[in-house]
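Next come two complexes built around chain A: one with chain B, the other with chain C.
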Partner chain A sequence: MNSLFALLPLVIIVIASLLVLLLEVFLKKENKNYLGFISLFFLIVCAILYFRFWNEEFSYFKGSLVLDKLSLFFFFIFAVAVSFVILLSMKYISLQDANHGEFYALLLFALSGMMIMVSSSSLVIIFLGLEVLSISSYALAGLKRKDKKSSEAAIKYFLLGSFASGFFVYGLALLYGASHSTDISGILDYFRSSPELSLMATIGLGLVIIGFGFKIAVVPFHMWTPDVYEGAPTPITAFFSIGPKAVGFAVLLRIFLYYWRITPESQAIFWLLWIISVLTMLVGNLIALRQTNLKRILAYSSIAHAGYLMVAILARDGSSLLFYLAAYLFMNLGAFAAVIALSKKGKEYLELDDYAGVGFKYPWIGATFTIFLLSLAGFPPTAGFLAKFYVFSAAVREGLVPLVIIGVLASLISVFYYLRIVVYMYMREPSREIAIHLENPALFLVIFLCLYGVLQLGIFPGNILLIIREAINALPF
Partner chain B sequence: MAHFLFFLLAIVCVGAVVGMIFSRNQAYNALLLVLAFAALGGIFGLLSAPFIAVVQIIIYAGAIMVLFIFVIMMINLREGIPPEKKKWTIYLSAVLAFILIVELILAARGSFQALTGPGGEEIASPKALGKLLFTEYLYPFEITSILIIAALVGAIILVKKKEEE
Partner chain C sequence: MIPGSYFFILSVILFILGVIAFFVKRDLITQFLSIEVMLNAGNLAFIAFARALNSLHGQVIVFFIITVAAAEAAVGLAIILLIFRQKKTIKSEDMNLMKG
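Presenting the complex of A and B:
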């Protein structure tokens, strides 16, 4: 297999987005849904190609393109996330006045950025992929062009995101200056071979962490998250809460799985991540208690989940991180799907008061939403419970007991605001009438698949754990 | 000849920047900046780095300047921004300027020791650069094309005319 064939999936995604852009000109406004189906078709083709790559290890363009099992696993996560987001948005964008054909094209560009990032070990390529992802995300956040909040979200995301890119590039420059390499393995070799801790390289690594901290929304770099999540079109918010987060953790995993092994005495970076993790879990959950807007609650909840994921990085455990991301994908997209279901033309129901009585009026939406919220809170027998269990037990094995205690306390706090939504849905008298569009088969398909994912991962996690273990064991160290 | 040209360009460059700092008219500022960039491009050319010289003029004196002029036109400030009143910013900028000067002197001393002559054609020529770009760095080079089209599409969708329904 030559290097061009290895590039084929990426090329397919880029061609798909260009095709969508081209067809957008010729399609009538009512027929724009076809663009979504075209994007889905190309996604499936691409996923089949990647499926064939599973048992073959490749490295092309001098390590710029690495198709190992880790990147393939992440690619499947992205493909599922993006196809769910496409299904969720088909009805939504025509109801909420964001019906531009460019919607799908930008989504596919963002996907190609994520694919570039996970399948590379060169930090320059990772930076380019990050920019492709970020620039498409900024535009996606502002797609509800008549809505002031959406424009605000776009400009805030743009400003803070460019700032974060600046941090990342500066850190990259320092790392290159110290180690004369832009490749992750080259940089880590430098860390291993240098006799004492190099100040320049450590600061560089810290700046790279800060740059990614913005993208994965960890405290204290989370300020943009609630506003952007609230303003962006809801399917895009769902995408933001899983896509950039998963890709950021993929890169951190590539760096740190190896880094911890070669520099066990490196305290500065360890404590930096420790403090970030603790702050993220506590601040995310505590601020969520006071929110009344569903999208803001889910925004703070996604911040808190980034904290739990950081625990997995600190515990040096790749497999629990991957399992958590897979579980988070299903439960979070499911929760957002339920929020999207409660909307009608030109109006979304996002306040907690709107949810009073929903559980009896729309029993299916209420019941599935409850399951997703319980999973996010970490109740058995859902995926959320097992995910937290694996992460925290890995941390205990590494002796990070104080971190685990804080994490468990933080997730106890989170139970309150997740259950508050359930209480509103089932135990409050509706104060105002809500009417929603129920003819939306694509959305219910997503809810069903997410429900299946949450229960499958929660009750029979064996298969996916096998795949994850294979992906982690195939890493070169 | 080379020395004469260097000092001529250096004087033009520094003079343009000084003039830019003291002028209060934004349009003059922008034009003086073009002059400084063009002189810098000439200096790069003298250092036998033709590619950087041309890029300096095309990107900075061309593209970035057009951007500046557009911003100045859109904001349309009649009179300049009033001088900063706050005391502490002046002190802070004095300290930062001092640090910058020390850094520049240290860097210059270091580079004078390392420097034996210009880097030579084989590194800085457009041919060598193109060869590297299309062999070793082909993949990142092609990624930038995705980046640019994503940015174009994003910018156009956000600013195009809102259609009435």
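Presenting the complex of A and C:
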């Protein structure tokens, strides 16, 4: 397979987003949904192409484009996430006055950025992909143009996101100066060849980690997360909670699976990540306790989940990280889908009080939302339980017992605020009347698929574990 | 002939000034400018290293970063303009609709 053919899926996505932008001009306001279907069609074409790449060789353009099984696996995670978000938005954007054709185009641009990031081994290309993703995300956050909260979310995301890019660029420059290379493997070869780490290289790696820390929202770089999640249109919030996070962890996984192997005694970076992980698990869960807005609760919960994912990085275990991300994809998108279901024209129900009595008034939404929340909290037999189990047992195997104890305690705290939503739904008398718009087949399809994903991964995880193991074992080191 | 390390030291100073300005200034445009200073400190560091290592690689990266900074400026200024239309202010302490 030649290099240009390997680039084809990326080109298809970019062409699709340009096409959507072009068609947007000619379509009437009430026909804008077609743009969503067009985007979905191109996504499926792209996924079929990638399916055929599974057993091909993986390095193209002298290593600038790496299509190994890891990047293909991540592509499928992104493809599922973006197609679910498209399905969720179809009704939402016309109900909430965000019905612009740019919506789908920007989503596809963001997807192309993520594809670039996971399928490259050069940090410069990764930076370019990161910026493609970020710049479209800034615009997506502010897409409800008349809503002041949405614009505020956009400016906060923009300022802190590009601040993080500044760190990333400077860290990259330092790494280049120290190791004479911008390739991940080149940089890591330098780390291996010089056991006495130069100060410049360590600071460079630290700055790159800080840059990524903003994107994956770990404490202490999480300040923007709750505000941006609250202000952005809800399907976009769902996208932010899985897309940028998964891609950040993909790159960290690529760096650290190799890095731990060559520098087993590297203490500074290890403890930096250890502290970040502990802080993220504790702070995320503790602050979530006193939130009353559903989107903010889910924002802090996503911060806490980034902490658990960090444990997997510290445990040097790629397969549990991938399984956690797959489980998180379904349970988190499912929870957001249930939140989106509770809305009507021009109004979203996001306060905890609005959820009083929902479990009896809308039994299906209540029941599925409960399952997603239980999965996020980590109850068996859902995917969330197995995901946490794999991550923590991998960490115990590596001897990180204190970290696991803190992680388990943190997830015990999280049970409280997840169950509080369930208690509100089933055990409180409704204090105010809510009426929601129920004719939304695409949304219920997403809820059903997420439910299927959560239960499939929780009860019969065998198939996906096989795929994940294949993806991890195929890594070149 | 100016030694190569001078460029690098200048870039460190610029980067630190950019970070400080981001936290000290209370104005969205100025904060955005300080981010640009940080990015350009990165550019300068790349050029300094490229000169020291005698490789073109670092100089090419600078072009990419300049392009990215331009794209960021386009989106960022549009967002700031949107904020100004809605609130008639671009002070960052007035961005306080959401808290908690």
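Observations, loosely collected:
We adopt the following convention: the second predicted complex is superposed on the first by the 476 of 477 C-alpha atoms of A that agree within 3 Å, B and C clash if a C-alpha of one lies under 4 Å from a C-alpha of the other, contacts with A are read in each partner's own complex, and residues count from 1 in each chain.
Just so it is clear, a residue touches a chain if its C-beta (ideal position, glycine included) is under 8 Å from a C-beta of that chain, and two chains touch if they have at least 3 such contacts.
Everything numeric here is computed off the predicted structure, so don't read it as measured data.
When the two structures are aligned on the shared chain, A:I436 is found in touch with neither chain B nor chain C.
In the superposed model, A:I116 makes contact with chain B only, not with chain C.
In the superposition on chain A, A:G129 contacts chain B only, with no contact to chain C.
Judged by the touch definition given at the top, the superposed model places A:D227 against chain C, while chain B stays out of reach.
In the superposed model, A:L272 makes contact with neither chain B nor chain C. Using the contact criterion defined above for the overlaid structures, shared-chain residue A:L23 touches neither chain B nor chain C, since it reaches no partner.
In the superposition on chain A, A:Y138 makes contact with both chain B and chain C. Residue contacts after overlaying the shared chain place A:A154 against chain B and chain C alike. Once the two complexes are laid over each other on the shared chain, residue contacts for A:I38 go to neither chain B nor chain C.
Comparing the two interfaces of chain A, the one with chain B and the one with chain C have residues 124, 128, 131, 135, 138-139, 142, 145, 154 in common.
Per the touch definition, chain C reaches chain A in the complex via residues 8, 11, 15, 18-19, 22, 28, 31-32, 35, 38-39, 41-43, 45-46, 48-49, 52-53, 55, 57-58, 61, 64-65, 68, 71-72, 75-76, 79-80, 82-83, 86-87, 92, 95, 97-98, 100. Contacts from chain B toward chain A in the complex involve residues 136, 138-140, 143-144, 146-147, 149-151, 153-155, 157-158, 162, 165. Residues 124, 127-128, 131, 135, 138-139, 142, 145, 148-149, 151-156, 158-159, 162-163, 165-167, 169-170, 172-174, 176-177, 180, 182, 226-227, 230-231, 290-291, 293, 296 of chain A are the ones that touch chain C when the two sit in their complex. Contacts from chain A toward chain B in the complex involve residues 7, 14, 18, 21, 60-62, 64-65, 97, 100, 102, 105-106, 109-110, 112-113, 116, 124-125, 128-129, 131-132, 135-136, 138-140, 142-143, 145-146, 154.
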